[in-house]
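Heads up, the next two complexes both have subunit A, just with different partners, subunit B and then subunit C.
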Partner chain A sequence: MNRNSIHTAIFTAIWFALITFIIVGVQVNTIDGSMQWHPGRAVFIAIVSFLLSLLWQRVFTVQDIDLTEAKNARNTFWIGYFTHGKNIFRKIRTVGIEAKKKHKTVLLLIISIPLLFLPLLGLYQTKVITSVLVFMLLALSLNVVVGLGGMLNLGVASFFAVGAYTYALLNYHYHVGFLIGFIAAALVSLITGVLVALPVIRLKGDYLAIVTLAFGEIVRIVLENWSSFTFGPSGISNVVRPKFFGMTLNLQHVTGYIYYIAFIVVVLAMFFINRLEHSHYGRSWEAIREDGLASQAMGVDLAKTKMLIFAIGALLAGVAGVVLAISTGYINPKSFTFWQSIIPLCIIVLGGMGTMSGVLLGAIILVWLPEYLRVFSDYRFLVFGIILVVMMIFRPDGLIRKTRKEYQ
Partner chain B sequence: MSFEFFLKVFFGGLTKGSIYALIALGYTMVYGIVKLINFAHGEIYMIGAFTALILIEALTVLNMPFVAIIVCAVLVAMVSAAAYGYSMEKIAYKPVRSAPRLSALISAIGMSLFLQNYVRLAQTSSFLSFPKILPTFQFVEKVSYLNSSQIIIYFFTVIIMIGLTWYVNFTKTGVSMRALSQDRVMAMLMGIKVDKIISITFMIGSAIAALGGILVSAYIGQINFYMGFLAGIKAFVAAVLGGIGNLPGAVLGSFILGFSESFGTIFVSSDYEDVFAFILLILILLFKPSGILGASEKEKV
Partner chain C sequence: MSTRLLELQELSMYFGGIHAVDSVNLHIEENEVIALIGPNGAGKTTVFNCTTGMYTPTTGKVMISSPNVRKQEDIADCRPDVIAKKGLARTFQNIRLFLEMTTLENVMVAYHIHLKSTIWDVLFGGSKVRKEESHMVKKAYEYMGMVGIAKYAHELSKNLPYGVQRKLEIARALATKPFLLLLDEPAAGMNPKETEELRNIIISLRKQVSIFLIEHDMSLVMTLADRVYVMDHGKMIAHGRPEEIKQNPEVIRAYLGGDYA
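Moving on to the complex of A and B:
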């Protein structure tokens, strides 16, 4: 920690205090013309940016420091040991929790056994975990498209909405039961996925992301405005809940039952994706993710493969929609905004793209924890934003690093 | 439909187009140089408007003359938006410049999310009314299909367009920008300071976006932390429409988008106003992925 870096940090602190002062330090209310001053907030920002600046400089200089230099520094001055010797930041960026097969099985067992008996904990816990499972499914869907297929899909909420609305509307207009509704919703979202994929698979990278985002917004706006069919912003209430072999369950039992359905669906989805990933389809996904042109030259049908990826992603998101519809019993367009596409993205970015355990970890951190940290619920999306940026800078691979399968 | 009504819709579309142009210019400049969709650009536009609102309220208390307040507020808002743009680039985009494109895009989305919620938490999540700062001209008020605010918006758009064209084509920095967008490594070898040019690009784009934000808020009369999201996306659509990375293209795309929205609401349905932009985007990308004025990129193998 030399003088230079402290100077930079002080400058950064003043800079951020200054530029954020107008927005943060003064709060206006144009309705009654009142104004509140918050000078304390500016001081807080200055202190935080001072500390973060020191940290930031360390992270970026530590990598470039030669090891011998670090050794000398350690001998001469204890601060040198502090700054150069403990190369903790390099570790942050390089050390990976590498998911090994043995660990994975043990981990899954540890997680899943208590989950089997979860409904005993009560209604609230069961509902919370069900919503975590819904987002896990969404993240799994995105994991196929983004993590395995390498196509950034920002419209996963649209397939989510298609699944949920197909189920709810079939039920409302035609009184279709759970099982048929479930299958129909899955099929309809699969078909939507293919239909969306048809035009967009020719696009690359950023353009693909924007078009999927546009599609997500179109679906939401149509749902909001097509009042005669989708009931507009008020949504559909009293979505039918599944019966247990023809028996109608009371609230507590049906919550548990839906939880088990969600649980089984997630497990099946994971199994399904895992098998696909290690089939020849999975290998072609990996090939087109790394280099589309080269894989095409080697005989991979680019269009077909991309369409399959999109269709599987849409199918999973649609199923997640059905689970959401039955677990809340009420859906409206507000449940399918852009943020519902962003949360799964955050989950896979944090957890580790393309890894199954990453999805689990990410969903637990980003969906399950906030339920118990209600005090901070206002800060949730602020933190999500920070997570996305910080992860991209320091650990683009996510917490759990994907290990490549080696073929002998 | 009477001719009067047609003119009203026409000028409405022109206004929308001008606003989109002010945002799309920044988008397209940044994209041309760093090949990054600056998702947070719409947020800068929102922050510019908020800064101006706060300054106007604060300075009114100090009893300054009205014109001085507005000039001061607009200038400070533009400078502060430029500062936000600069810091944003340094924090979120510079470290991922050499990373895959997907990383940069996700980082940009994160920045957008952060800035949006930063304003929501620091200010408010409800709609605020924005003071009427645009002057009214007597000679325009007699015309039924046009109002003074629109005239001012056109005026600023034209000024910015001319200024930017001059800047990019005839100044040294502008030439460096163009060089950078053609070939970054070569530009670096020719002694162009890449970091500096990128920072300047971000600052100019942000300042223009802030001006756009202030004009829109004064025109519509209200402001909200969420206003930047949709505006940003639509401006991006406009930039893609005209060929991203191309300044005249961005303006052309913005006007096409403005007119199609304005006439679309009349002829189809006002409920689906926002859908037109997205459908247009999908169609354009399908049939001419490089946009109307954009040069098609050849893939190097």
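Moving on to the complex of A and C:
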């Protein structure tokens, strides 16, 4: 451990404490309008980020190890982590794929550990992050359909609604519990996806966008008008919350519990999408996006593949719907407007089409930040517009550019 | 006796009143290199499109018999992907690569039809998928090696030089392990050096696969082809060995006009 890394760590600690202070250090009591200060939390964050920064530097600054050496001996490599120090990025390149994998794992761990303790920050923060996770799921869905499959889907809100309403209605009419309701909702939205795909796979580009857009509106209008079954615009309240192994939790705990459910669902979704993306399925999806006719000539079954893409997209959106239903406990057709189709699209455009980390970053910027910038909420759409225009000029590929996996 | 890998019987393709292909007969035998030539707009690519399922011919039959099966079947109504699985692979006149994917991935996509792992294997499985994948990568390198583009494996195919893109099209078609390879103007836009390389590639390929070639470069056609078919205005006007075709008055008329015949 040298002086430089301690300097960096201190700097990081102060920086993190400062920028997170408005979020965790100040609590506004909306009832009596008073403010509560929590300087202790800032100190806590400073200490944690100091330690994380040290760990980070340890992990990433390993002296240039010979490529073959690193590949041959994993052991040497792990020791290398703790005995060397210097240039991060050059090292990542030289040590190659093995190292990249390990770095990614460590990086993910560093990011996810604080997320595990998030409910300690209170009800409001937990709810906000849960809604961010819901939009992450929607964006992951679109990431598959638009980013990988290249089919512009403007009706993701419809599958979102199908998932949420299936869960809520099954529960209301048939008293189905959480787990079965969850699975049923996922299945129903998957089937809806396949049914929508049947006519849609024949269409391309703009026409496909229009049909999906129309489907989104149809679902919403049906929900609004089928009063006897869906309770129309008044929606469904008191959607059943999941029980914790048979125990009914209080509001505080159930919010945390739902957050964990959402967190796990997102992680699982990312895991499986990642697997698919780097398998022959994912490559066929991208081939279809690049050139449908050529991929068909190479033996890709267009109809079947597009159907699968749509089904997976619908499944993810449906699951997002269930998470929304349990986290808010109340749904109505207004939760599934065109806007709910557009935000996830903005997320992937901003983050970078077809990239997983882009989805996460985009969701944080477009869903999480606005929660804390409520002061500017009147200008939200203006800011969105400006962001997107600027993006299109300077980074048309999105914030995170897609790097291709190098198969060895 | 050698089998007829492909046999077009009275194949016709009409677009409204236009007879793009009119009662064409053609056959390809095992280990042959066949060239299809003709002036622009003669209907050569339409023949390809009918053969590989891009178009469904108006009338006529497209009979294939793979060397393994040795039984003729009509594929006129099949989809392109079904035909690819049956063992016919093609390249495109206007290069159609998967531009945002690497060279290696382009070839891998074509190899997918030989993979066995299902979606459950991919989602939950481990070694089986990994083994299959690494085997595929190895094969893909082989196919890239055959046309000499292995060093571009990790380049995005949109960034490749033109000649390499053309070769990649061939490598990608080869990765489907076809018994008949259909090349649509592989030398178009290539400089003499690249054309020469292409000639060597085709010569080395013909040991393993029969080739059906559309080409305008006559030196290439005359040196490579065992037999040559000539089309004009949708009709087959001549067919024979290259040296016969050179002398054929019909062919000269089609290319140069009536006065030269």
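Note that the second predicted complex is superposed on the first by the 297 of 408 C-alpha atoms of A that agree within 3 Å, B and C clash if a C-alpha of one lies under 4 Å from a C-alpha of the other, contacts with A are read in each partner's own complex, and residues count from 1 in each chain.
Heads up, the rule we're going with is that contacts are C-beta pairs under 8 Å (C-beta built on N, C-alpha and C of every residue); 3 or more make two chains touch, one makes a residue touch a chain.
Computed from a predicted model, the values in this text were never measured in an experiment.
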> What is the contact status of A:I221 with respect to subunit B (first) and subunit C (second): first, second, both, or neither?
Replying inline: first
> After superposition on the shared chain, which partner residues are touched by A:F44: those of subunit B (first), subunit C (second), both, or neither?
Replying inline: neither
> Of the partners subunit B and subunit C, which touch A:Y174 in the superposed model: first, second, both, neither?
Replying inline: neither
> After superposition on the shared chain, which partner residues are touched by A:V24: those of subunit B (first), subunit C (second), both, or neither?
Replying inline: first
>> With both complexes overlaid on chain A, does A:R283 touch subunit B (first), subunit C (second), both or neither?
In response: second
>> Output check: A:L382 vs subunit B and subunit C. Expected answer is one of first, second, both, neither. What do you get?
In response: first
>> With both structures fitted on chain A, tell me whether subunit B or subunit C touches more of subunit A's residues.
In response: B
> Is A:L293 contacted by the first partner subunit B, the second partner subunit C, both or neither?
Replying inline: both
>> After the superposition on A, what does A:F11 contact: first (subunit B), second (subunit C), both or neither?
In response: neither
> Which positions of subunit A sit in both the subunit B and the subunit C interface?
Replying inline: 293
> In their shared complex, at which residues does subunit C touch subunit A?
Replying inline: 52, 54, 79-81, 84-85, 89-90, 92, 96-102, 104-105, 108-110, 112-113, 115, 117, 119, 122-123, 129, 133-134, 136-137, 154, 156, 172-173, 175-176
>> Which residues of subunit A touch subunit C once you look at their complex with the stated criterion?
In response: 272, 275-276, 279-281, 283-284, 286-287, 289-291, 293-302, 308, 402, 404, 406-408
> Which subunit A residues qualify as touching subunit B in the complex?
Replying inline: 15-16, 18-20, 22-24, 26-31, 33, 35, 41, 60, 146, 150, 152, 154, 199-200, 202-203, 205-207, 209-211, 213-215, 217-218, 221-222, 225, 293, 338, 342, 345, 349, 378-379, 381-382, 384-390, 392-393, 396
> Touching subunit A in the complex: which residues of subunit B?
Replying inline: 37, 47, 50-51, 53-55, 57-58, 61, 76, 80, 83-84, 87, 91-92, 95-96, 99-107, 109-119, 121-124, 128-131, 229, 233, 236-237, 240, 269, 271-272, 274-275, 277-279, 281-282, 285-286, 289, 299, 301
